[in-house]
Amino acid sequence: MPTINVQLFEGRTLEQKRAFVEAVTKVTVETLGCSVNAVDIIFQDVKRENWATGGRFASDPPKA
Amino acid sequence: MPTINVQLFEGRTLEQKRAFVEAVTKVTVETLGCSVNAVDIIFQDVKRENWATGGRFASDPPKA
Amino acid sequence: MPTINVQLFEGRTLEQKRAFVEAVTKVTVETLGCSVNAVDIIFQDVKRENWATGGRFASDPPKA
Amino acid sequence: MPTINVQLFEGRTLEQKRAFVEAVTKVTVETLGCSVNAVDIIFQDVKRENWATGGRFASDPPKA
Amino acid sequence: MPTINVQLFEGRTLEQKRAFVEAVTKVTVETLGCSVNAVDIIFQDVKRENWATGGRFASDPPKA
Amino acid sequence: MPTINVQLFEGRTLEQKRAFVEAVTKVTVETLGCSVNAVDIIFQDVKRENWATGGRFASDPPKA
């Protein structure tokens, strides 16, 4: 523990994910009190046409 | 809030998902009492060979 | 299929959830093309002190 | 019920998943007391560059 | 890996869960090819009034 | 986006979670390139008798 599932739009690079992982792992150890090897982070890349907020897909053009 | 994760077989069209999103977002606002912009709906397309019910995959041929 | 997981703030009544379930089940059958018995809806009640948006917990007082 | 979500590295074959499904479905019925048709198992194949443990991605080369 | 999330009705005993865990862990190692210490199983106890199938809650009385 | 679900052992304080939320929200904005208000973090407190690793529950006494 902990297991951290991150749902995000697809398109982020491995470098972005690596920066996220390194910082979040460090913060998790410091704030939640666990060993570093216990931190699992799993990314779920979500297509913009699979994520809707307020009834509109993230792939929709912005409202005029 | 709320965040609604929908696991479904892959193959549904964006038009089907849009009809779902529009109706479910409306229903959510009406029944759960939240603002429309607070409703997140995330689809996870699942291959039929990744979903088993009763020990059989959805990709298996029907029993004779 | 489908399986619909709904994360929402705790405190909604069974009547609110029932209204949601009845409407969403109906919409799901109509838009995604599945049998009614295949629709699973699972609610996860989340305490407001377990949900943070933009760095603030839902249990925090509104900004002055 | 129950619904069992399995996050695993991509690359497992359908034969491996089938062996898992058959055994786990049987075990679930025996230990949790439910009907066989009530057991849903959903696999989520995760790329190794989307899973980090202890700050390192599963796609990283092992430490020297 | 893998991480196995199990959503089930609340009320199962620790003994039932232990029997499930021991058998599923063994099966996972045998079928998916991973080390035993890599197998995480997380139970999410769900109240029957939080799980609806086919538009009816698991807490509803059976149809007459 | 993103939505970050954190499964952790129950018992962490709101202060620990707040420190986690503040740091992770900041890191997320910096590394994934999103607006601060788009970051949702949801904690799921898991009892130690609901989490097993390597076939042993986190509530079990350590091996002799």
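In this document, chain identifiers A, B, C, D, E and F correspond to the written order of the chains, with residue numbering beginning at 1 in each.
We take it that a contact is a pair of C-beta atoms (placed from the backbone, for glycine too) under 8 Å apart; a residue touches a chain by one contact, two chains touch by 3 or more.
A quick note: this is a predicted structure, and the numbers were derived from the prediction, not measured.
K.L.:
Can you list every chain that touches chain B and also touches chain E?
P.N.:
In this structure, the chains that contact chain E and also chain B are A, C, D, F.
K.L.:
I need the common contact partners of chain B and chain F, sorted by label.
P.N.:
Touching chain B as well as chain F, we find A, C.
K.L.:
So which chain is the furthest away from chain A, centre to centre on CA atoms?
P.N.:
Between chain A and every other chain, the largest centroid distance is to E.
K.L.:
Would you mind pulling out the distance in Å between where the CA atoms of chain A average out and where those of chain B do?
P.N.:
So the centroids are 20 Å from each other.
K.L.:
Between chain C and chain D, tell me the centre distance in angstrom, where each centre is the average of that chain's C-alpha atoms.
P.N.:
25
K.L.:
Two-or-more-chain contact residues of chain E, please, as numbers and ranges.
P.N.:
3, 7, 17, 40, 42, 44, 46, 51
K.L.:
What are all the chain pairs that meet the touch criterion?
P.N.:
A-B, A-D, A-E, A-F, B-C, B-D, B-F, C-D, C-E, C-F, D-E, E-F
K.L.:
Across the complex, what residues on chain C touch chain D?
P.N.:
That would be residues 3, 40, 42 of chain C.
K.L.:
Using the touch definition up top, name the residues of chain F that touch chain E in the complex.
P.N.:
Those in contact with chain E are residues 7, 44, 46, 49-55, 57.
K.L.:
Quick one: in the complex, what on chain B touches chain A?
P.N.:
14, 17-18, 21-22, 25-26, 36-45
K.L.:
Provide the residue numbers of chain E that touch chain D in the complex, in ascending order.
P.N.:
Touch list, chain E to chain D: 1-9, 12, 16-17, 19-20, 23-24, 27-28, 30-33, 46, 51, 58.
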